[in-house]
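Chain nomenclature is as follows: A, B, C and D, assigned in order of appearance, with residue numbering initiated at 1 for each chain independently.
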Amino acid sequence: MTPTGSADWTADEMMSVAASHALAGVTSCFVGIGLPSTAANLARRTHSPDLVLVYESGTLGSRPTRLPLSIGDGILAETAEAVVSVPEIFNYWLQPGRIDVGFLGAAQIDRFANINTTVIGHDYAEPKVRLPGAGGAPEIAASCGEVIVVVRQSARSFVERVDFVTSVGYGRGPGDRERFGLRGRGPSRVITDKGILEPDPATCELTLTSLHPGVTVAEARESIGWDLRVSPDLTTTPPPTADELTVLRGLTDPEGSR
Amino acid sequence: MADIVSLADGVRELVHDGDVVALEGFTHLIPFAAGREIIRAGLRDLTLVRMTPDVIYDQLIGAGCARKLVFSWGGNPGVGSLHRFRDAVQNSWPVPLEIEEHSHAGMANRYVAGASGLPFAVLRGYTGTDLAAQTPTIKPITCPFTGETLTAVPALNPDVSVIHAQRADRNGTVQLWGIAGVQKEAVLAAKRSLVTVEEIVEDLEPVPGQVILPSWAVTAVAEVPGGARPSYAQGYYERDNDAYQAWDAIGRDRETFSRWLTELLGVEEPA
Amino acid sequence: MADIVSLADGVRELVHDGDVVALEGFTHLIPFAAGREIIRAGLRDLTLVRMTPDVIYDQLIGAGCARKLVFSWGGNPGVGSLHRFRDAVQNSWPVPLEIEEHSHAGMANRYVAGASGLPFAVLRGYTGTDLAAQTPTIKPITCPFTGETLTAVPALNPDVSVIHAQRADRNGTVQLWGIAGVQKEAVLAAKRSLVTVEEIVEDLEPVPGQVILPSWAVTAVAEVPGGARPSYAQGYYERDNDAYQAWDAIGRDRETFSRWLTELLGVEEPA
Amino acid sequence: MTPTGSADWTADEMMSVAASHALAGVTSCFVGIGLPSTAANLARRTHSPDLVLVYESGTLGSRPTRLPLSIGDGILAETAEAVVSVPEIFNYWLQPGRIDVGFLGAAQIDRFANINTTVIGHDYAEPKVRLPGAGGAPEIAASCGEVIVVVRQSARSFVERVDFVTSVGYGRGPGDRERFGLRGRGPSRVITDKGILEPDPATCELTLTSLHPGVTVAEARESIGWDLRVSPDLTTTPPPTADELTVLRGLTDPEGSR
């Protein structure tokens, strides 16, 4: 694979490739739409051809030939190993913890990786901005073996505390998941356009553990709404290979998606 | 046995002001034509139930048909926000919209309980989220064997559920395939049901992955070719993604939406 | 991903003395060959779970494999009684048999709860019957919304579930069709699962009404043609009703049964 | 239809024909195996061609071309409008009360139409005879719109009180079904080889309301384990027609069932 330089890719492409790498060795992935779906499909087209993609529309083991435009895109059913009802996908497949990784996006995410996709503003009845809501995210965050969040960094999206907890990360810190009876391990990685954040093993606080090539620590920290800690073992994210970029662009190119 | 009716008659006979109405179809087979017919019928004060109130409910809400929305995800898939929904929630335009908000797992299980003749369903869900504090229809329940605390949600039993399917036979037996969502549960949970279909055929050739709704479990069937557009009907037509994109501009602005509505009210549904 | 194994290896690797074992198949696709292999493996103290412990469990019980039976209907369908089951319950022969008795609805919901990762299920059942007094795994539960009293039953999560299906592919993805019973739930509820199939094929041609169990949800698959005989496998062979009739005479008498058992133990399962 | 005389049919045939008549005008019937299945299939082959037969194996709207030998006979799936899982047939179809008539047999039935298919003898742990058990019967008896029982008369089967209540008829009398929260109306008719018993509207006690042709009241009463009351409006069951007997014999003839 020819090496590439940061001039050769966009920050979004780096984010999707880094997210796809997070699925290496994973058997099954419950895929949210948008960035997670792009990364999951990239993983299946590159290093993880047998990755089982599960969508909340009830498709098990889909092998879409193009990037699905929604979690219920017909291509998911046509290429699925099995299509089950929506109640079954949540009750028989997600709830018992059969799915290794839940792959989520976020409108807002906080220091303890709690996710808000419900309302911006602190008054639920009179929100500043009404967001789409929970969808499948709360139970994906609760029941998958682990959760990976893919979200672009901005002061608006990375906040000290989310306005509304739609999906639980680590609550207010260690022990909360157990207290809530959540059986999955919770968010293991938050992959952004700047780098990778992971919960501190002791405090559960999201910490910068990897910088994407060409990004400085200052750049990574400036768009975070809390005093982001940097891991002593900070690494640099492996750059996308030319092959990965080719596959990714094939997936996201509008022509490829018709 | 189900009656074969026109869409207009089906809506006028089965849907009434103030009803709890579920129009289901999870991305696939969304009963858009029936939604437009409900707008034309001028129905008011509806409690609209739907896991994913996307463009179809943005239209109904903007038209002022709804008093309340029971849902789990309200967006324009792949595009963005539902501006009519937002305008109703944030600014009570054209009328105030009460909301009852759940997660997909909660809504799906509420339909299952409704279809099963049970007053509630049990799931692992909501714990630790802020939803439970806002939604009175989320309560804890204790396992009588293990003592473990889980979550209970009440059954959904709409006055009428409306879905779209690929086919029905002349007896009104309904066949759908592809992503089946929660349509079977929505119909079985409802007091009355209206199913629009792409075509009524002599014989329902079996299809892998098919869901069958026997005629005796359905109230009425209406033949409405293209009744799911701009969503898709597997085996019949693809999703019109441009229409979803276009809706963003229409829904974003009250005037533009009002012009869309005036035009809709002037045009009869082809049936 | 499921391992492709021989029946003998599958049983020896997955089933152990003292296990809770469910062999499911509702009249159709009953895993008889696996049952015989469990007898040959000389397994003991099993808690056998099955909605309809028919001839297959009469054989296992008569062979002394079972300590306990969890069930909802124990008979020889279309013929009469299970004499080994009766002899064990009434006379503790060859060993005492504890029973935990439910209704079909209760058993089906116990599997559903097990498959769903819930500790219990709720149903309308048992009220007014004498079953609740005899079965501690039947308890009342109150709806937190309506106050109505319903019935709760605990989840079934067998150590291993064994089913028979028509086909699997080389990856171990399982496909069955026809009467699907409670097999999907039994497999998903179990810690481990063994699926015997009529044949392992290159590609699983879709079949209307099919149930698919993905390879990653199954522990092991064994190719055992005729593995459901004398029950039937839709698309492969019919039920051998004469064999069910003949079992009545074999099972009725301890000596006759013992001769049958001796012969069975001498003969390897064709695999 | 040529009239027939009681010499022309057996008591079992009369019983099956009378049971099939009980399904006239019924939309859907949840069918137990044995005598009920024979009667239900006879009804579908004669006066009720559109009768929806539902079996606990998950078959909805089966149109078997021969008499099924078990509730899971392949012919039921092959000729069904839809085949659903066993959990679904009980939860989505039976439990909500969608099925008009539940058609049951019985090993023991008592004055209040309670059914025992569990044990003979009063000690559950040490039964005189261990019967097959409940199967689907308790919930069929609870949830169907009404219940029809088909059973041959004998002092062993018709008892003052069943040794074990497997399926509830009217419990100990009026009000018990409501007390138990059973939503179906309960047994409306018990059809035997001698006649038809119906619950007294006031007491719920099974009362002789119809005698099969050629059967005397004394014959009907002698094999009942309680002092069977006779309705003042006692009627005679219409005899089987030649056509019904032909269809019935075609169904039950072993050749027909291969």
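In this text, a residue touches a chain if its C-beta (ideal position, glycine included) is under 8 Å from a C-beta of that chain, and two chains touch if they have at least 3 such contacts.
Note that the structure is predicted; figures quoted are calculated from it, not measured.
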Which of A-C and C-D has more C-beta pairs touching across its chains: C-D
Centroid distance [mean C-alpha coordinates] between subunit D and subunit A, Å: 58
Inter-centroid spacing, subunit C versus subunit A (mean Cα positions, whole Å): 40
Euclidean distance of C-alpha centroids - subunit A vs subunit B, Å: 28
Numbers and ranges of subunit D residues touching at least 2 other chains: 91, 95, 143, 183
Set of subunit B residues in contact with two or more other chains: 112, 117-118, 123-124, 148, 184-185, 209
Chain contact topology (line, ring, star, complete or other): other
Contacting chain pairs - touch in the sense defined above: A-B, A-C, B-C, B-D, C-D
Subunit A residues within the subunit C interface of the complex: 27-28, 52, 60-61, 81-82, 91-92, 95-98, 143, 183
Subunit C-facing residues of subunit D, complex: 33, 56-59, 69-74, 76-78, 83-87, 90-91, 94-95, 118, 124, 126-127, 129-139, 142-143, 164-168, 171, 176-177, 179-183
Residues of subunit B touching subunit A in the complex: 26-28, 51-52, 71-75, 77-78, 81-82, 85-86, 89-90, 101-105, 108-109, 111-112, 123-131, 134, 148-149, 178-182, 184-185, 209, 211, 232, 234, 238-239, 241
Touch list for subunit C against partner subunit B, complex: 117-124, 137, 139-141, 143-146, 148, 150, 152, 154, 206-210
Parts of subunit C lying in touch with subunit A, wherever the complex brings them together: 1, 115-118, 173, 184-185, 188, 212, 214, 216-217
